[in-house]
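Note that subunit A is present in both complexes that follow, paired respectively with subunit B and with subunit C.
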Partner chain A sequence: MVRFLGLRLARALLTLVLVVTFAFIVLRLSGDPALLIMSADAPPEAIAAFRQAWGLDDPVWQQYLRYFTAIFRGDLGQSMRDGRPAIELVAERVPATLALTLPALAMKIGLGIPAGIYAALHRNSFADRAVMLLAVAGFTVPSFVLGLLLVLVFAVQLGWLPSGGQDSWRHAILPVLTLGIGGAAVLARFTRSAMLEVLGQPYMRTALAKGVPWHVAVRRHALPNAAIPTVTIVGFMVGSLLAGAVVVESVFSWPGVGRLLVVAVANRDLAVVQCILLLVATTMVSANLIVDLLYGALDPRLRAQAKGANG
Partner chain B sequence: MNTLVTIRDLRVAFDGVPALHGIDLDVGSGEALALVGESGCGKSVTWLAALGLLPSKAQVTGSVRLDGQEILHAPPARLDAIRGGRIAMIFQDPASSLNPVHRIGRQITEALRLHRGLTGEAAREEARRLLDRVGMPDARRRLQAYPHELSGGQNQRVMIAMALAGEPELLVADEPTTALDVTIQAQILDLLSEIRRDTGMALVLISHDLGVVAETCERVCVMYAGRIVEETAAQTLFAAPAHPYAAGLMAALPPMTGVRRRLAAIPGGVPEPWSMPRGCAFAPRCPLRGVACDAAVPPLATVAPGHRAACLRPQSQVAATGRLLVPA
Partner chain C sequence: MALLARRALLGASGALALPQLAVGQPARPSITIAVQKISNSNSLEMLREQSNVGGRIFYSYAEPLIDTDWTGDLSLRPGLATAWRRIDDRTLDLTLRDGVRFHDGRMMTAEDVAHSFGPRMWGREGSPRNPPPEAVAVARRSFPGFERIEIVDARTVRFVNRTPDVTLEGKLSRSLATIHSATAYDAVANWNEWSRKPVGTGPYRVAEFRADHHLLLEAHDDYWGGRPPLSRIRFLEVPEVAARIAMLQSGECEFACDIPPDQIVEVERNPRHEVVGGLISNNRMITFDRNHAVLANPLVRRALTHSIDRETIVQALWAGRARVPAGLQFEFFGDMFIRDWTVPEFDLTEARRLLRQANYRGEPIPYRVLNNYYTAQVPTAQILVETWRQAGLNVQIEMRENWSQIRERTPNRALRDWSNGASFGDPVSQTPQNYGRDGIAWTDNEWRNEEFGTLSALLETSTDMAQRRRAWVRMLAIAEREDPAWTVLHQTANFTGKRKDIHWKAAQAFVMDFRARNWGA
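This part shows the complex of A and B:
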């Protein structure tokens, strides 16, 4: 088990290193921050001074090494725009993003999973078809379209809710709905197919054949098996708690991490972009790690494999 | 011998396509009955339907009585008490018939709690005894095992132990050895026979393997395309099959003694359920086909005491006159 965990941790760390490196390379290749931040009309001396101040005239590998060693000291660099530490800028946006993504996650799980289970248990019924129709609609409509649609109906036409900003909890309703509907739809479809697969398994027939009542068989024999694939999707959703709201935050002008990322990329504010990417990658990798561990808890077959890896 | 289960005119259709065309079958207390036929002939469907285990899209009609009480379409609570409690069933693929996420001890004690009200230590002790009974080595430790940690034969032993947990009067074994190695097959069949001797439990063995049947059962029903076409004592079936289909099956068996000969295959294939012939379903493949065979489905009629066949030209009469049927 220890070795299994160690292996997973090492892999997670490697993933993070790759993400940081890749982000570094792409950002250096995609434009000169000095020109963007100082504007192209700035006097050449000012631009040269800016480059020197931020170490942009050093060879790229030196910049990379410097950046990398700084990360290990916990220093994620300063914003080139206002000179504040990037981590601070990002950290103050995190609560706003979580204020959208956490309720949305609760909505996805609380709505999607029961709907999927219900649809599977009443396969081909009217309710099943209705749930699946909604689910297909929910996950084929892109979030920016859905967001604008909701704004159009509830903000513009009905005037019930504000269309953007972050002044009260009422401002969060539409963005949370936008995020939640799509995710609930994905989860409902996924849960339904996982349940249908499990309900058709021979061990369900065995359970009924030995006299287990249907609802008990569903709870005790079907759900634990159907949970295994469903956990993957939920893990993915947990992993995108920080990065999953970029589009929605932009649509609703919600001052979260996503919008900070969009602005920082547009400005080539390297430290901020890299800081966000590192943070996002860390949440994704942690979520993956948790999913791996959950797999082991849910599925004894995988536990055996983990033990096997242990030698 | 009193009749335990009486099946009358049992019909099953899937999405309007008939799969069973009226099965009449009696199972006596303590007897060993075989249901043979090729895949898709309806032998498993008969018992899944009788126990209400078919998916809801199956339309089931007819009558299934247990000790004279109708159980077809009985309320769920009543069926739950019968399943595993009075009629247990085991299946073809033991590995996937056990729940992969539960320990086998838990899967056995689940049945013990349902049918005998045993819980806790008493249930665990009884589960261990059952595993011992079905010949599982190191039974106490095995209670903690998951199905994937056991072999196919061991899993089938677990299935049998689970089936015995409710002390049923009838065990329906649906191709219990098909997925197993030949040596393990023999062990499992011996185990089933032994348990039957010890407990007086009746056994319905569903199989496509005549060798398995010969070894285990006293009486045989041969099924073809959703009907029983012959019903007789196992010995009679092997010595003097009456229905040309049964005769064809015998001719396709390798002889155990004497000169080796070319095995005779039955020509043609089973008709599809949605395009059944109007008359005898076997007629298109039958070497004895006559005009009358295509007119109507022949009823199951007595050809000798305790021997019935659904054929207008039953073979044993032909055999008696010295002509032996070997299909081309």
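This part shows the complex of A and C:
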């Protein structure tokens, strides 16, 4: 187990290093932060002063080395646009994003998984077709379009909910719905296909032939086996809690991490982008690690395999 | 204990008196304005935020000594200075207005003015509040000849320039020349703190600023120009145009800014809403890199300028609400406006003749374009390429992501989009910093013309108005005809969707004025 965790952690660290390096190279080679932050009409001497102040005249490899060594000292740098520490900027946006993505995640799981199970258990029925129709519609409509559609109906036509901003809990309803509907649709489809595959397995036939009641067979044999692919998708959703609302935050003027990322990338505000990427990558890697551990808990065969390999 | 009780009683009676005062005043509305962006740099200090979006917000909380008639003819008028007098070509005396109170409650003094053009602008040895170097550089460019500011007496300040400058009054009307409380400035810990809550004299004070989300302004009831008509103004950042329009339609905002021309009909479909605004002091143009192998020949550049159907662009993409100006200039330049000047005529025959003369054989000419950074930028580029093709020019659009990629110095840099605006009524406010010897095109090695450079310097320093006018005529002839540096496409327009029952006039700039003189509901 220790070796397993050690390997996973080493791989996670390597992933983080690669993410940071890749982002640095792409961002630094595709735009000059001085020109983007100061605007195209800024006087040349202002651009020059900005470049000098932030060390942008140094060779790129020196800037990279400086940035990387600073990370190991726990210094994630300062925003060139804002002058404040990048970590401070990002940290103050995290609660806003989680205020959308956590309820949306609950909605995805609470709606998507039961709908998928129900559809699989009533395969080819009207309910199955209706669930799948909604699911296909839910995940094929881009969140940008869905968001505007909800605004048009609930804010403009009915006047029930606000269309944008972050003044009260009511302002979160439409963005949460936008995020939740798409995710629930994805989960419903995955859960349904995982359940259908499991329901056709020989061990299900055996259990039923032995006289195990249908609902018990489903609960004891089908659900745990179908959970593995579903857990993988949920893990991915947990991993994208921080950066999964980029488009929705823009549509609903929600000042979260996603909006900050868009602005920071557009301005090549490197420290902020790197800080967000580190945070997102860490969340993603942690979620993957948890999913890996859950596999073992869910499937005794995997535990046995691991023991066999170790012993 | 008895003292405490008396104080409590006094406090309570004071509190009881407050509602009576409020009853005496009519209730004021609060408004929300949906904007695409509040501030590019997350700063409310215009020394740092030199942008169109910054121009929209600053006028509510800060004011310069010399004001501009934004909703009128853009002429200069008294602001925090009631009068100004030329002592000589380099010196200007300004009389300060009495009874101007800052948002921190202090009265404006000559010391505040000296501070605003002193430590606030240039910094002070060892101060933690010094502006960042790029802000100082912007100030230096805006006041290139600044020598010192003197306090003549309690109500008079004197600007002294190193060099003669007939445009000093105009420069003092710019957004970065606003006056701020020296005491409030010296009370903050650092410049970043100041730049997020500057203390000025405008009709509204900064109450709260959350970068990338909203800016909340509150009425400054001691405003020298009279009680502000609004209790609160909230600028809310809504990046998507569809979402801004939806907010207006749902009644969540009273104003929706940056409405593209093709959405005007959509906004006005609702009888409660209208779109206001129109031409602003900004021109859209194409700028040429004369180092490009094909464009090195001015005949090719001239052919490009003659094969642009500007009227079609204005009608098709701006619904006729923009216009083709008289070259890179505006009527509010006054005596410096060259009335009989025109942009090159749309004449494909002449363009073909010039190309034959240039021995042009269809070599590709790259045209770097951003994805609608400017309103209707991509469709404009597509129309241009089509008429250029008709003239025989092989122009190829190359989409780029940002300005850095647009301006990247490579052998294939040839054509790019740009816009030039004028912040006060003289060509000095737009051309030297863009095309003069220290200008962007020059230092970027995009376009250089020695005669133009000399004339540009003369335009900045000469006090002989006839000579300045002759210089400007010649500069236009060089840069728009003989050795084209740019060619103007059209004057830009800016549109704001609003509630029809609010009587409010849009400015001929991005500036928004919410003083009592421009409000009625």
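Keep this in mind: the second predicted complex is superposed on the first by the 296 of 311 C-alpha atoms of A that agree within 3 Å, B and C clash if a C-alpha of one lies under 4 Å from a C-alpha of the other, contacts with A are read in each partner's own complex, and residues count from 1 in each chain.
Simple rule for what comes next: contacts are C-beta pairs under 8 Å (C-beta built on N, C-alpha and C of every residue); 3 or more make two chains touch, one makes a residue touch a chain.
What you are looking at is a predicted structure, and each value in this text was computed from that prediction instead of being measured.
Asker: On subunit A, do subunit B and subunit C fit together or clash when superposed?
Answerer: With subunit A aligned, subunit B clears subunit C, so fit.
Asker: More subunit A residues touched by subunit B or by subunit C?
Answerer: On the superposition, C touches more of the residues of subunit A.
Asker: With the two complexes superposed on chain A, say which partner A:Tyr203 touches: subunit B (first), subunit C (second), both, or neither.
Answerer: A:Tyr203 contacts subunit B only, not subunit C.
Asker: Which partner chains sit in contact with A:Ala48 here, subunit B, subunit C, both or neither? Use first/second/both/neither.
Answerer: second
Asker: According to the stated criteria, A:Val151 is in contact with first (subunit B), second (subunit C), both, or neither; which is it?
Answerer: Touch partner of A:Val151: subunit C, not subunit B.
Asker: Name the contact category of A:Leu277: first (subunit B only), second (subunit C only), both, or neither.
Answerer: Neither partner.
Asker: Under the stated touch criterion, which partner chain does A:Ile37 make contact with: subunit B (first), subunit C (second), both, or neither?
Answerer: second
Asker: Let me test your reading of the model: by the given contact rule, A:Pro255 touches which partner, first (subunit B), second (subunit C), both or neither?
Answerer: Touch status of A:Pro255: second partner only.
Asker: Between subunit B and subunit C, what is the tightest CA to CA spacing in Å in the combined model?
Answerer: 50
Asker: Show me the residue ranges of subunit C that touch subunit A in the complex, using the header's touch definition.
Answerer: Within the complex, subunit C touches subunit A at residues 34, 40-42, 50-51, 132-138, 140-141, 191-192, 210-214, 236-240, 242-243, 246-247, 249-252, 401-407, 418, 433-434, 438-440, 443-444.
Asker: Would you mind writing out the residues of subunit A in touch with subunit B in their complex?
Answerer: Against subunit B, the touching part of subunit A is residues 201-203, 205-214, 220-221, 224-225, 228, 298-301, 304.
Asker: For the complex, give me every residue of subunit B touching subunit A.
Answerer: The touching residues are 48, 51, 53, 76-77, 80-85, 88-89, 91, 93, 96-102, 110-111, 114-115, 146, 148-149, 159, 162-163, 165-166.
Asker: Give the list of subunit A residues in touch with subunit C in this complex.
Answerer: 30-32, 35-50, 52-53, 81-84, 148, 151-152, 155-156, 159, 162-166, 250-253, 255, 259-260, 263, 266-268
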